[in-house]
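Chain lettering (A, B and C) follows the sequence in which the chains are written, and residue indices restart at 1 in each chain.
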Amino acid sequence: MKSRMVFLLLVILVGSPVLAQQLTIESWRNDDLGIWRDIIIPAFNEQYPDIEVVFAPTAPAEYNAVLASKLQAGTAGDLITCRPFDNSLNLFLEGHLASLNDLPGMDNFSDVAKSAWITDDGSDVFCVPMASVIHGFLYNQDVFSELGIEEPATWEEFLALLEAVKADGTYAPLVMGTNDQWEAATMGFQNIGPNYWEGEEGRLGLIDGSVGYDDAGFVAAFEALAEWQPYLTDGYQAVAYPDAQNLFTLGLGAIYPAGSWDIGTFNPQVDFEMGAFRPPPPAGQDTCYISDHTDIALGVNTASSNQEAARTFLEWMTTAEFAELYTNQLPGFFTLSNHPINVEDPVAQEFISWRGECETTIRSSYQILSRNAEVNNENDLWNASAQVLNGTLTPQEAADFVQSRLATWYAPQQ
Amino acid sequence: MTASHYRPRKGLGHWGQVLGTHAALLIYTAFALFPVLLVVLNSFKSRRAIFRSPYALPNRETWDLIGYQKVLDGANFGLYFRNSLIVTVGALLIILLVSSMASHALAAYNFRGNTLMGLYLAIGIMIPIRLGTVSILRLTVALNLVDTLWALILVYVAQGIPLAVFILTQFMRQVPGDLKDAARIDGASEYRIYTLVLPLVRPALGTVAVFNMIPIWNDLWFPLVLASSEKSKTVILGAQVFLGQYVNDWNAVLASLTLAMIPIIALYIIFSRQLIRGLTSGAVK
Amino acid sequence: MNSKRRKPFPIHIVVFLAPAVLIYTLFMIYPLIDSLRLGLYQAGEGGTEVFAGFTNYRTLLTSNIWAPTLWNAVKNNFIFFAVHMLVQNPIGLFLAALLSSRVVRGTAVYRTLIFTPTVLSVVLIGFIWRLILSPLWGISKDFLSFFGLGQFNQPWLGLESSALIVLSFISVWQYVGIPMLLFLAALIGIPDELIEAARVDGATGWNVFWRIKFPLILPTVGIVAVLTFVGNFNAFDLIYTTQGALAGPNFSTDIMGTFFFRTFFGFQLQPGNPIMGATIAGVMFLIILTGVLLYLFGWQRRLQRLEF
């Protein structure tokens, strides 16, 4: 028994041989492990059989902390999945991400696509944009036809529809919880908000200081969010993200405030037809706005000993082949490249069609405003949005709270 | 312990006491086990049955091993078990060896700085070792131990030493000095004396083993940071990654929870006899 | 050194101590000091670190940004600790008293089963309880309805008023095995003669327990209290698994461990701040040290006086 133990310990000591051309990808997308392993990497290896690629994801909540520790110690993988804006910008400024200005194929991306992974002065781009995600609402078509209701075109119709589902009493009108907080901010506030703060105008106004979170548009967004409260699932204060997903896919709810990435998760689980509608603007407003958020990109770790192979992989990621694979294998992640891609999934198709109908913007807190550590705009929005839905803050109080915290450190807002 | 056992009279009051004690213990045991059993029970059922009838035993209609199938297809749990076992057993053996040696030095010899050394070795109980993560990571890089199970073993040994030395020293102080002196007269070396003392504190070693085994087996943080690649993943990390991947797939979630619980419960049952012997034979009272 | 008159330090003692001291110093003390040291520095020009004395500690304790978060975490941590002291340890003592009473057989089985939750990972425990309390599965509602209390069911983990208390109870549920075993060990160790003598004098079980047994296990009460204190102020995993690093709702479940983690490593878009993180860890260390010293010099001294 003891000698076997010693033997086992020796086995670990010797370890496994290291291949010369092995790339490890750090990522928070552990949901996509199978698709990378079985489809994307084999497709890459058809052209580059000598480069072995390992997709090594960490759970989203721990990704930043674990990546930061590994980068500091020099043990991180060769390719780093980039969060948008400041998180990756800091990694670049600290010298962990390489500049990709000269990477062939970067001209397949528009300036807007690259905007989330570029220095403030625009001189260096450091990640290859992979995909954006779009917010909207998924609904259960069976429930809609059973109750005789239709997709709403305006906010007022939306509320009337929720009232109708509630009056019927069989289904939860709006399936979302506030336990994890981020859904309240991301699927709630940032989903419906752009219609009220007029998309980019409001977002850029926050950055240059011409408007604040306590101005009309943003307060109106919190007010609209507060109107959801009567229609949320029973006990929504303790409903976590996976709980909400289960409620919806088990057919117990009517409408699910979604990120487009949910499509891919839900498809194999639902036994009803899913439909989608975009965040409905208030009656009388002609322009609609959607959140088409630059979400995910890939960069090279400067400490990697396989720079050549890493760049080869990134170059491949700029091609139409990768864009096609990624968009259609992961429905709900929409390529940021200029390649014309035919989106196969009907629900994903619906989401991407809104790009032609509405003005697009990204989440208000992501660029510059969440640069600060302890007073962090994104965290404050999570907290405030969840509290508005929980009824512990009024919309005005929430707006004032977020604004006053931002003003503690952000000069243009002081 | 003394040989005389107090025997209460077996009257009506006695049987009332017996029933009351059993009832109280049974209720609490049920309370302790209910959540665990609920998970195990439902891991064998279909997704709808989990929601519709969570308390029912799985029957022919609801019996479904899809969760286990997904776990076995989606994650290499066999390898993870092996890794966890190597790390836990390896760290335990080293903790027991080095701590018992240090405790022997503290308990048997009255050298300069004895008290200070005891205090120094106890400081570690007070600070979360997680705080030193980045330094530990740099250290493992410098020692070329990144992504090996050795990195984990060494960190766990360092983490386990304070409590182990604390407990073992107290037990070793109770070993009578005459015994050591007699051995010395017989010409035994100081090292030989250590090997004579060791079997006398076996229950204490069992106690230390159980108290260290639990946090080592269950740790998520250091596997995540020090050894997160597929080849060196531990069960808890594997289960956590798996949970993240299938977080809304309750079959898979419950199956992986069940698989992650069973080995540690089995290990505990194996060691529990030693644990109680160790606890009841002195020191900690 | 002026120790020439003494014998040279015996080599076998060095051999016995060396392995433990080396591993412990290298993998625990050095990393901890290296990290705590950071709390005394501030970021200077071009990524350098400048010694700043206790400036960071002053910021943490007094600034409008940091102080309210810190005191909130300290307050919550004391509530967390209070629940353990008032619920976990008395239940542990009660169970130990039952198990040691020698009235019933099969105590080993009870003891093993009751200890089961203690051996499980907090990741699993958090997950299990979140499922059970989830309004989706409705277990807690069914449970209360069984006792006719269905209307009192609430989304406890989501309410500011109840989330921390409920999480404390989950932690109590998991860890009650530890005080139980320690008390049990102490109770079994009490010589039978003492108890027999009291019985002969006509004392009831209740009296025997409080007059004879309890005073004798006071040292264990102290050890349990200090272990609880140290454990609770290092706690992190349970809150993190169930409520996330933002310890919601509205930071009502934020304790020192989650505050430290969020600050040191960052969270989501929030960048990590190792310097303030190390400062928070320094405060944690001081709180725990104070508790341990109070135990050593308050409780133990008084006990010694009582004994002699």
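Here is the rule we use: a residue touches a chain if its C-beta (ideal position, glycine included) is under 8 Å from a C-beta of that chain, and two chains touch if they have at least 3 such contacts.
Source: prediction; values computed, not measured.
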A-B against B-C, pair bridged by the larger set of C-beta contacts: B-C
Far-end chain from chain C, centres as C-alpha averages: A
Centre-to-centre distance between chain C and chain A (centres being mean Cα positions), rounded to whole Å: 37
Chain A and chain B, separation of their C-alpha mean positions in angstrom: 39
Chain centre separation in whole Å, for chain C relative to chain B (CA means): 17
Junction residues of chain C, two or more chains touched: 136, 261
Multi-chain contact sites of chain A, meaning residues that touch two or more partners: 69, 246
Contacts with 2+ other chains: residues of chain B: 51, 133-134, 240, 250
Contacting residues of chain B [partner chain C, same complex]: 1-2, 4-6, 8, 14, 17-18, 21-22, 24-25, 28-29, 31-33, 35-36, 38-39, 51, 54-55, 94, 97-99, 101-102, 104-106, 109, 111-112, 117, 120-121, 123-136, 139, 154-155, 157-159, 161-162, 165, 189-191, 194, 214, 217-218, 220, 236, 239-240, 243, 250, 253, 257, 260-261, 264-265, 267-269, 272, 275-276, 279-280, 282, 284-285
Interfacial residue positions of chain C with respect to chain A in the complex: 47, 64-66, 69, 130, 133-136, 154-160, 243-246, 248-251, 261, 263, 265-273, 276
Complex interface listing, chain B residues touching chain A: 47-48, 51, 74, 82, 86, 89-90, 93, 133-134, 137-138, 140-141, 146-150, 224-225, 228-231, 240-241, 244-245, 247-250
Sites on chain A touched by chain B in the complex: 5, 8-9, 12-13, 15-16, 24, 30-31, 33-34, 54, 56-60, 62, 66, 69-70, 72-75, 241-242, 245-246, 249-250, 265, 269
Chain B-facing residues of chain C, complex: 3, 6, 9-10, 12-13, 15-17, 19-21, 23-24, 26-32, 34-36, 91, 95, 98-99, 101-104, 107-108, 110-124, 127-129, 131-132, 136-139, 142, 173, 176, 181-182, 184-186, 188-189, 191-193, 195-196, 199, 205, 217, 219-220, 223, 230, 234, 236-237, 257, 260-261, 264, 274, 278, 281, 284-285, 288-289, 292
